[in-house]
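Submitted below is the structure of interest, expressed as structure tokens.
Letters A, B and C mark the chains as written, and numbering starts fresh at 1 in each.
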């Protein structure tokens, strides 16, 4: 009898795919789900069908986290992004497995994960450097010290590129948080698995809860709220559907949101990363202060 | 009812503040070998010279280890290895991969932080609290910062592409041994150069430990070579024909020798030399914080700091209050065993340096300045100096002009803004300066007019990998740190 | 320098640099306090505590139990000092006085419409006199923060002077409520006003709002006391209150006190901790030093 038990195949414990809000993993408050399947129609998992209330809660979490995250030293943000890369590197095999289940092949999947890790390191390096490129001390004609610095926009609501499971998501999230913003990201509807697992990577990286919130669900159902929420500062959309783009721009006018469209970006090549992606979510603040002019006006040296 | 004294002979008592129970850091967490060889081409190799010299702990005068002395043949080997590594490996490596090696070094220093801090303290005499809280973390952060630039150089210089210079010869001093190694190696590697680095002969140990990390990080052999020795070894590096760039931090005197030696060659150089920084307190300054800044400015690291605030100018209306506060603060400084976690001021780095400092203290007294020293006890063995301030100092006193490089502060009074700007600039040096005032427009007035490379307003001795550091005039040229620090290690091409 | 008895003009700006004061305060926490320094420090801290109960639900029973605890901190450890004082509402002063007998522990009473201070002057004076008549050795008053923030510095000064008069022989602690003043400049100014107006102690907080005492805020006040001493020759005592519940933190405060004002202030005539749970943490640390093992809260009484 005992021998038979040992020889029987071990049953795998299936993962429950939840959403990630405020550093926690709740289920969707709506209780709804949809079945994620691969291109052959095979079942992958039951995934939360996120609701507008989930989005609402995620915005609250992102807003609460913004003060702390933007207030950290840039160097600290860089260290945390590097840690996210470390954690992702450690979980490479898991992501390769999930990507192959979602229609990739092993070689492509490994390339994709490697690119994501390297991209995170790339943005980690930018955290405390982009300011040096895009700030200025302005030589105004009056006796004032005048300087301009970039500051994070605030809460960014992004709909991740829908055609891939991991690369687009990471490429959109990294520059947003490297610049000190917090965000809510809606995963790819057809390939949602990696987004949820990536939330686990974020959760183990010293990233404060609420800085990144990840939802799963249908774009058509949620995109309006991504566009019209009054407490969101910028919205990101990566698909080329002109009608949706127009709708987003119109709704964003309600609170003059910044609208960022990434439909033409090729995430897989080197143009898929640059400090300009960070600057898409920065405001420029200029400060003036008088300079007294006493003494030392002679030869100088 | 409290008694009110008639004459102001009031004095606060701080003896017990200095007499805390010993809180020694344990040496056990650090491993120092009895002998170290030269780190060339990824391995530790015996010196061709066959010579070794002792390195001691200045707090106890005990020998710590034997260090190899590199001769010209050893220098040749090192430069050759750096050149080969540059041509065959490092120049061709994709920048993002280069970055990852440098990130590894940063993380590994963080992992072994405690060991590095202990060795730094034993070898150089600085308090363990400083090694632990400042030197080692800042060194790690410097590697972390520059690692991030390696694959972003195309953004750093508008309208210019960059290429590395080749092999950099780097010579560093004994006051911040590990930190100076980081300041030199990190940007050089990030920009694609390879390195031959010579630490100061008094303080080679943490550079050699860094070599161990470089091995563990699997950095391709020859990219970083660490060779030990004294002035002759340094000269051999400076004079070597196959070095493209010299980076030197040290005395102005040696800086000038180097500048002369490379004249007529194509070698590029950056020099970070001495200073005699002016720290200026205005009458509207936050006085207690200003005093704290002054104390940090001159007594931090036993005054062995090129940017030390060694000249203090105080506006006359607050002069008495400032001096009184300085004296009170002086009395709470603990001078003692650098391995005790409560020590504020450790050992002077060497007998030679202690002699120089004592010489200047005598000169100050002979010049008629009034000396005040803390009444603290100092250990009988080892090289120690009490924190010292001089009042009744004139601009023409030698102690107000010449770099002492020790815990000695020369204090003068001033009356108006233009007077102090002139006096602060009236020096062949120009490394740093400090301004203490609550008024913003005055800050910008001073920072615009002071001729120094680093101006600290309402703070002092602040360093960050993103912040460029370097001097005007005889304090040297070139900047280390930040975006501007990249210029030292690249060629700009169209 | 000539000692002065003149009162300064409180409308002149005061300069405290926040980053600088916080850096200096954090430097004190780097001191490593071990062995005999630690034990002496813990004993001293224990002896400096004003054991406090200031709750709406305080009763005679509660106060009596607290007073017993004050005299029997941990009988298992012989030779312990007592706390410095018990701090209660005026209505509990008589009970506390009786319960403490001739133990030497003082009775401190809050007064002047504590904690808000929003009441007319005659009520505040009556509140004070009531406490003093019932036997309070010390009175902890609150300043009128609203008036202070309106710039009515003379009002604040006069009020403190009037309460000091009403105190008679009792020592007056003036609570600035630093959490409501927010910036260090204001805390320094309020400290100066209180000292010139006759305070015996300056105290950080009521403990009813957050932030209460912090090291930087306490440092600002200690520096004010030092400057006042050098100007007038008069010593003023200091009390941080609220938020100090761990021994380690209390030891940091003592380092700060020792290095700012020196030995002359290192006793409970010139420094107090306003705390309720600190005492037990100190006792646990003392027992750990004595026995070598980490302690559990189960073995230390809660009163």
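Basically, a contact is a pair of C-beta atoms (placed from the backbone, for glycine too) under 8 Å apart; a residue touches a chain by one contact, two chains touch by 3 or more.
Note that the structure is a prediction, hence the values are computed from the model and not measured.
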Chain of greatest Cα-centre distance to chain A: C
Chain occupying the most central position, where position means C-alpha average: B
Whole-Å gap separating chain A and chain B, where each centre is the average of the chain's CA atoms: 40
Approximate Å spacing (C-alpha centroids) for the pair chain B, chain C: 43
Distance from chain C to chain A - Cα centre to Cα centre, in angstrom: 49
For the chain C and chain B complex, residues of the former touching the latter: 1-3, 13, 15-17, 19-21, 23-24, 30-38, 223, 226, 229-230, 232-235, 255, 258-259, 261-264, 266
In the complex, chain B residues that touch chain A: 96, 99-100, 103, 141, 144-145, 147-152, 155-156, 416-422, 425, 439-442, 444-445, 448-451, 465-466, 473, 482-483
Interfacial residue positions of chain A with respect to chain B in the complex: 74-75, 78-79, 82, 118, 121-122, 124-129, 132-133, 145, 275, 289-296, 300-301
Contact set on chain B toward chain C in their complex: 2-8, 10, 12-17, 20-23, 129, 133, 284-290, 292-293, 320, 324, 328, 332, 341-342, 438, 458-459
